[in-house]
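Both of the next two complexes hold chain A, though its partner changes from chain B to chain C.
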Partner chain A sequence: MGPVNVERALKTGGRKVPPYIYLLFPAVTFMLLMYAWPFLASVGKSFIGPDGRLGLENYVKTAQLYARDVAFTFSVTVFNTLLTAAAAVILAVYFRMRQNGVSRLLAAVLKLPIFIPFVVVSQMMNSFLAPHGLLNVALAQLGLIDLEKPLQLFNFAGLSFGFVWKQIPFALLIVHGGFQMIDNSYIEAARSAGARLPRVVWRVLIPMNKSSILVALVLVYSSIVGTFTLPYMLIGGKVPTTITVDIAHRVGYFRDFGVANALGVCSYVLVLLTAAYYLRTKLREAR
Partner chain B sequence: MKKILLVALLAACMVLTVFAGGAAEAPKTRLIYMTAGDVNMLALGQNVLGPGFQEKYPNVNVTTIHTGPGNAGSQMIFEKLQAEAAAGKKVGDVDVAMVHEIFMKWALEKDLLLSYAKQAETWKYVTSPFAKNALGINIEGYAIPMFHSQTALAYNPDKVKDPPKSYDELKEWVKKNPGKFGYNGIKGGASGVSFVMGWVLASTGKYQKYCITGPFDKAEVATWEPIYKEIKEFNKNVVITGGNVGTLDGLNRGEIWMGPVWVDMFFTNMNEGKLDPKTRMILLEPGMPGQPMHFVIPKNAPNPEMARKFIEYVTSPAVQAKEIVQRFNWYPGIDGSFLKGAIPQETYDKIYKDVTPADLSKKGQSYPLADYYSAMLESYEKWAQ
Partner chain C sequence: MSMTRILKKTLELVLLVLCILAVFGPMMSLVIWSVAQTWYWPSALPQKVGFDYWKQALGVQKSMAIGAVSIVPAFLLSLSIAVVTVVVGMALAVPAGYALAKYRIPFGGLILFLFLMPNAFPQQPIFVNLLQTFTRIGLAGTVPGVILLHILVGLVFGVWITSATFRSIPPSLEEAARSVGATAPKAFYRITLPLAAPGLLSSAVFVFITSLDEFTGTFFIGLPFVSTLPLTLYSSSGYNMQFASVIALILLVPSVAFMLLIQRVLKAEYVGGMG
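Let's turn to the complex of A and B:
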């Protein structure tokens, strides 16, 4: 045992700062500078009114003009997250239980949308869902609808279709990965105890895979809240529209960063809701 | 052996690069061209104007910098120049800027611009009133328009035999043909914004006050409520399209029969085969807004002479005809009559067929002054939604 530096030991309360802590420095600085600072600045600026004084003016204007849009964004997000999760779980179960050529081919095809950028998806949906777009024309050819009165899909329904189309594959990738980790013996044990498929899924697969489903939910949710291109290109000028379109409008036409930041804070709150839930569950699991 | 060869090769490469670099070291003037506007403005600068000018002046290197669409893009240029002036920077960074009308008001108030236009060789071609007056400000000598863009009502002549000629007739038409008129609201692009502004100007009849003379009078805003309520009613019978292009696509697919569009986008889509060539246009009474974009030279430009040469190049009839009119389908910044020989007659006839030069000068309005402009947009959100 070497000589103990008493003074230093007293200062640090007897504990030593391990040197590898310093290795965190670059990463933490980067995070603080590139993420924490803009985030705090945005929240701070949302409380500075057009006259440069501290106040709630931006929030008053947000409430007056955009309350409906915030509600719309929230409902679009929640609806599509749940729909995506449900579809992803069902598909993942199918790919987990039926491993043959068809399912492998399907799984491969279903991965494609992950690699298609949102702006391309938006343009695609734009011409696919239009009143005289591919979908409506096809349905009219089949005699299911009258092209004079086509399905109007540049709204909640069309937006949801676009989101779900783009997000299911992504969620599926995560959820399916989780299912693959579950050993066959659990499923076989449940089966031999007389459980049918729905029961196996509900009581074995889903509970054992809860954390990856949760991750998928949170990621899909926050990605939908922040998406600009799809709502802008599908329902841009309509009422109601999403928060992201409103932010672009405030900045593009008024250079009004105050209200834009206030709208931003609304979307942070929407995202924080799920983040908080996610963290709590994780912490509980860790205990 | 191999190693020696490799080393020799590397050494040769290094020597060559050093010499090549040395040979090309002739001092090049760097011309900074800063442009507001949509991404097409960046493409224009980077791919067309810059290379074209460099061909003419090989010792110049044009660097295009893009700030962004709409007045916000111009504001960024203004903030840059203002900051340089406030810092007392004698020689700035920007040689030429391409700006919206509102910029002229901001920059002239702060005395940031060089009076260059009358010394320019191409000034003699400029006849547009927009080059003398921008949003009520006298700008003569400080700006030369590069192009003019205009909104107009596009319609499908198969379905609409007798198109409405004024806003009033349009309101009646929409009542009779619900769901056949489309526009993009005010958040999906500026053709919708223009349509709404034109409506308010028509209903109030205060074009002079709102767009030319001012001043901004907050009491005016409250008087607009019934006008926007009328738009709200109107909106019940129309389709809100997904953007400037959305309106054109809707027309092309036959979903709507009529809608406000940018003239340049109308022709671009038509040339690219994305719009039925039968589609026609009409400029509504009493008028719809359009706008030029202007060339300006900052007072502290590092190369004002070269900057002026660049502007002369772009506003020459040849470049105006080939790039501005034929390639980008804008109306020229200089007088159209000087282009007659430079572009094919059929192109000339096409762009001036529905919206004639006389229409443009009579019904081509300016946008409202900045404060009215913002107030009109926000009133829409307050009352028309």
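Let's turn to the complex of A and C:
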């Protein structure tokens, strides 16, 4: 031990502070103040009523005013997560089994939406799905609808189109990555044993790629529950709308942080299972 | 046999055309609106097409139309917020990412947990509670408040990407440098840092784009005084479709261009955190 180290050892009371403490301290402190504290506060304050006393008043009000919106959020999320997962798996199987010019072009096209920010997607859908928007005009030109009675899409249907548009490419990227890891020999073995394509997919590809399909499902699910921009710009304050829009209204119009936090806790509860799965998988991976 | 091949090929082409229409349809809507100078319903396409709204938005031409202001100030504001966010965010993320990659840390699981939480749970309630705290300490509606928020949103990705980068560099290289007499900092600067540079740069670009595109948090913390580009897009979308479309396209281009550049370095999961 050199003289410098002795000096430092004396300063720190004989124990050397490991370097990772210095390296981690700024980022961890930031996260504790800016994330952990507001997270705990959002849960804690949801139980403090307008009179400042502990109670369930915020939840009673949430149930009275927003039960339908919580159900709407849940159904939008489940519907779009399943649709996204199914489409992503089918497309990923197609990309795994067929490599030609058409499939490569399709893969490139389907990559694009991943990189487009939600605020741009929302504006896009806002103009594309409008009663006089491009979709309705195009369908009318094809003679499929009457432009006097356009499709009304600022609701469950339009919201789903927007979510699926943004999420299928993302889920596809994860699932396709998983399929790439499966060696050709497994597929060939199943084939030579007489299995047809659907059976190969169901018995070999999907089971071997279960973890990446589940991760895609979980990330898409959590993302849809928490998305504010798309429902806000597409549906806004119309009924029914999503929890995220209600939170913004509660804060923006009424400065009612109690009910806003209760709604926030509802959204935590909606993702509880997927969050637990995600955290467990990631922590295991890191070991 | 050849019949099934024709059928397969046809199905494949139908799938391709449908996907191209579904992906590019909404984008075409933006492009058409951004150049529509006169568009009376029920005409399928605009009657008069031109770049007037682009010129107004870019501050080349003045206009009296509602909502047609120059977006140059908002663009510069977004850009400077993003630059500060990257500098401060990376100063926090790089050391933390290095520590998580290279040391066995007691309670390391808890620290990882802290950095994973924002991906697992909705973030809007966090923004709502930060708004309350920021209002109390005078940071709500200020640029520093918005920067702190953007650092929060970007930091998690910054830490994960940098830590994955450092983990991919074999420790034997640094050890070899140490064994021929290099000090620990010297080995880091001469060996590890250059090898990590592409990953760190990608991480910085990612944080930059996240800040440029951030909407939800800025909506709570920044409004009504800090109007970044995404917020200007939102506030104009109510009454000026052309103008909103122009801003949307201006935001779209750097996001797609930068992400295409760095996507090879990124794990698929991070990419989902965009916007």
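Here is the rule we use: the second predicted complex is superposed on the first by the 240 of 287 C-alpha atoms of A that agree within 3 Å, B and C clash if a C-alpha of one lies under 4 Å from a C-alpha of the other, contacts with A are read in each partner's own complex, and residues count from 1 in each chain.
Convention: a residue touches a chain if its C-beta (ideal position, glycine included) is under 8 Å from a C-beta of that chain, and two chains touch if they have at least 3 such contacts.
Worth saying up front: this structure is predicted, and the values here are computed from it rather than measured.
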Contacts of A:Q64 with chain B and chain C, given as first, second, both or neither: first
Of chain B and chain C, the chain that contacts the larger number of chain A residues: C
Which of chain B and chain C A:L279 touches, first, second, both or neither: second
Contacts of A:F154 with chain B and chain C, given as first, second, both or neither: first
Partner chain(s) touched by A:L234 [first = chain B, second = chain C, both, neither]: first
Touching partner for A:H249 - first (chain B), second (chain C), both, neither: first
First, second, both or neither for A:S127, with chain B first and chain C second: both
First, second, both or neither for A:N80, with chain B first and chain C second: neither
First (chain B), second (chain C), both or neither touched by A:L135: second
Chain B and chain C footprints on chain A, overlapping residues: 126-127, 132-133, 233, 248, 251
Chain C-facing residues of chain A, complex: 18-20, 22-24, 26-28, 30-32, 34-36, 38-39, 41-42, 45, 94, 98, 102-103, 105-106, 109-121, 123-128, 132-135, 137-138, 140-141, 147, 165, 170, 173-174, 177, 215, 219-220, 222-223, 225-226, 228-229, 233, 244, 247-248, 251, 257, 260-261, 264-265, 267-268, 271, 274-275, 278-279, 282-283, 286
Residue numbers on chain B that touch chain A, as the complex places them: 69-72, 75, 183-189, 192-193, 239-243, 246, 249-250, 253-255, 374, 377-378, 381-382, 385
Contact set on chain A toward chain B in their complex: 64-65, 126-127, 130-133, 150, 154, 232-239, 241, 245-246, 248-249, 251-255
Residue numbers on chain C that touch chain A, as the complex places them: 12-13, 15-16, 19-20, 22-30, 32-33, 41-42, 44, 91-93, 95-96, 98-100, 102-103, 105, 109, 111-126, 128-133, 148-149, 151-152, 155, 159, 213, 215-216, 219-220, 230, 233-234, 237, 241, 244-245, 247-248, 251-252, 255-256, 259-260, 263, 268-269, 271-272, 274-275
